[in-house]
């Protein structure tokens, strides 16, 4: 048995070492949403380590103490049915732990599903992020521009990504800024993202969607609002307008580099939300798709 | 070529694929040749292919499961090899997708399911002192339908067009719009056919356990494995029809152009995910509860103590089975159902940790004050406790919805579910197989070689999967066929690959152990080589056809222990003629028609479908009119057999 | 042959028979899950899966549905009578009632086929929308069960005619009656929650 524990210790050591030399993306948050999830993850890691250690210690002690080779050959183990106090404890302790984690889970889930604290009152920057095999299209309706496979966002502002897909289910994920959410063809999902620090972040589709899945990434650049505004202006001066024909071509399966256009495809191919939802055929339903706004 | 084009089978352009096809072909020819050469067709047909004996059916399930383990394991090694270094080109994206899809489907449906059902087949009737299951013929049909499904799925690999949409097979990716070729049709039909078999197993075992227990064996005196089997089969009966409908809808979408899961005309891709996981989460417990049952038997035996907290063990399984139907949403917290729904399912999911925790502590307390012998089955069980605890607590971590937004679809998730399924299910099945090996074949597997395999498997497991927790947290999505060097996933992925190799070596050692022990192990192991406790050990090794010469009279959940130590009289009656069911080729023929039916349906060859369908109907009509009252084994014959074993029990 | 309280009815008379009946009840609970899944899916698609196709209210017609309901409910009654006749040992009456049951079942199927053709003509096919697909799959699954029941019933009648009433045939007939009642119950659900709710 010793070999195993040495080995496990070694492995934990390696893990700690690796974790030490470069922070893991998910645990290196650069915005309040990812910060919340990182905190939750650390809380759960500590709580769970406690359980694992308790079980390991109990197991080690029992194996050491009650192994046959250490005992009198005549020893006959007793018949023990169970004990209500012992069993009470092994029910109560897990319940307490689960109750604690349930509270953490519920609070944090509500937090990451809303605009981060301090940003609730501000008007968010709306960006539609839609996926097609195997690309991401970003429409900025307010700024009237569209990009492919990269997205620029201003720092310290709530960005409301409206996610949907032109086909397969994909999942929009920027590990350092916020947890992921699905982009689907028949429903628009909403993800609030704030970047605290300027920088380049990896974004990708994390939900398997066919042959080009591995390369289904996009680059996120967060920059101060003034830079963001001049970037928008630049694009209006340099980029070509996006036509419906051209957009249909972009949707063809394959990989494209980064591209930039003026205008957005929302004008001729709107997102599946509100009255454009395929599952919406009456006013009573609209609440469901827009329900996110009622925080 | 027209034929292939018509069904959009992707062309074979990979030498690996040709190599595998040749290998499969050669093995098949070798088997046919070998059986012919040794003139064993008659033996094979009379004793195995037509058998209705639960023990032989169990063994056939287990052999098939092991074959599938190697098939799925080869896929796993290929995946780890491809991802061992950044930007590798051993497999291209399409092949990688086919390989991981096949790996998942084969391991869950055709390995793990077959293994637990095989184990239940062999053990449950013995543990309750029955002659066979309630419906022996149906049981054979269950096996052959499973086998037909498994073969149909594997044919896809040879004919071309393996499914490539993941074992979860999410639409619209799995629909014809994005997966034009026949792959997913194979998925639908293979799972549908073997699913029917599984459902019948469920019905069969509930009836068996409810009605055929030995006199005196009240429900609360059943051995723990039988309890786990009962609850598992209840889950099967309630969960599998959901899969049946989901697969039917998928088939209609793909082959009859309906709009269940499409992106237009009212189709809802989210419905597939929901239906799949309404079946899929209970499926997890279908797999793991029998494993818990096996561990309960083994830990009690080798601690030489009774199982601690019998009642709470039963209660926790009942609670788990109920909760298992209330947590499916946690498989897609990220679908946008909002904070309230996610919080609720987050809590129901974490609640499962409570009954599971009770079980872990009960096993620990079973060893407490025991006299622990480190046999191979016990070593797997001892390794299971901490490893499964780690798998369980990472499950709780995943259950926290907000954090799941970061874990979902990553290697962290992959690490978690392998961390529960491998120590939970696979270790249990290996341990169970070694434990019951003398009962099946009358000799023991070599302990020394077994321990070599154990260490390889345990260390290989840890090396394979623990690094994935870390790469997952570092942003590695699952199912990526490659990654860049800059991502930093390289070193740990290499560790994983090395671990996969160790696992593979471990399984090869197990096979060698079977060969070695078959040749050299002594055959005089007696009836109780482990100093066991429950009723199945009260009969001989290997078990005679009729199980028990005299139906035992049971008074506790450890009937055999009481018989040995407390002088309980198990066998009160005297030997009488025993009524047994007859063998029948009906099941294998009917399942053969199902195979043909499925195969032609995959390719829309309606003439073939109709002919096979008529064959199925013909078999059913034959069965309806057949009169088969079984046969009797005569008293003298039983006495002779019993004497050979050294006296009647 | 009169039954006294000590003797079990013929269909329960052997261990195998009892086992078969228990097994069939377990099978029926699986069937309930099967239909429950279809109903649940239906409730989702009826609201959200209509797409550009017709909604339920636009395609449902009351008269054929009422006829179907009447035929199937009556057949459930007649199969009950058949079992009663079996229990008092009147083979001819039993077969008579079974034949009536199957005829009513065939009538039900004919009307259902008419209804499907009607759906087809007004543009509500299997392919039209998620809603029509679920509707027709649910009705079709039930209809396929009835069709299977018809053939099964014929097999049983033939066996009773050939071998008379014994533990085996009584067992089969009884199990068949369970199946038939079950289909009737499922139809009541279809009638209430698909048709009536859809037409309101």
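As written, the chains take the letters A, B and C, and residue 1 is the first residue of each chain.
Following the convention adopted for this analysis, contacts are C-beta pairs under 8 Å (C-beta built on N, C-alpha and C of every residue); 3 or more make two chains touch, one makes a residue touch a chain.
Note that the structure is predicted; figures quoted are calculated from it, not measured.
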{"item": "Per Cα centroids, the chain farthest from chain A", "value": "C"}
{"item": "Highest-count interface - the chain pair sharing the most C-beta contacts", "value": "A-B"}
{"item": "Distance from the mean Cα position of chain C to that of chain A, given in whole angstrom", "value": "48"}
{"item": "Interchain centroid distance [CA atoms averaged], chain B/chain C, Å", "value": "34"}
{"item": "Inter-chain centre distance, chain A versus chain B - centres from mean C-alpha coordinates, in Å", "value": "32"}
{"item": "Touching two or more other chains - residue numbers and ranges from chain C", "value": "48-51"}
{"item": "Of all residues in chain B, the ones touching two or more other chains", "value": "264, 266-268"}
{"item": "Two or more partner chains touched - positions in chain A", "value": "278-279"}
{"item": "Residues of chain B that touch chain C when the two form their complex", "value": "134-135, 199, 202-204, 206-207, 210-211, 237-242, 244-246, 248-249, 252, 256-260, 262, 264-268, 271, 275, 278, 617, 621, 624-625, 627"}
{"item": "Interface residues, chain C side, partner chain A - complex", "value": "47-51, 55"}
{"item": "For the chain A and chain B complex, residues of the former touching the latter", "value": "1, 3-4, 7-8, 11, 15, 18-19, 22, 24-27, 34, 36-38, 40-41, 44-45, 48, 51-52, 55-56, 58-59, 62-63, 66-68, 71, 75-82, 86-87, 90-91, 93-95, 97-98, 101-102, 104-106, 108-114, 133, 167-169, 171, 173, 175, 178-182, 184-187, 189-190, 202, 204-214, 278-279, 291-292"}
{"item": "For the chain B and chain A complex, residues of the former touching the latter", "value": "93-94, 97, 164-166, 170, 172-173, 177-179, 263-264, 266-270, 273, 303-306, 308-312, 332, 334-336, 338-339, 342-343, 346-347, 350-351, 353-354, 357-358, 360-362, 364-365, 367-374, 382-383, 385-386, 389-390, 393-394, 396-397, 399-406, 408-410, 455, 458-459, 462-463, 466-467, 469-470, 473-475, 477-483, 488, 491-492"}
{"item": "Chain A - residues contacting chain C, complex", "value": "278-279, 281, 285"}
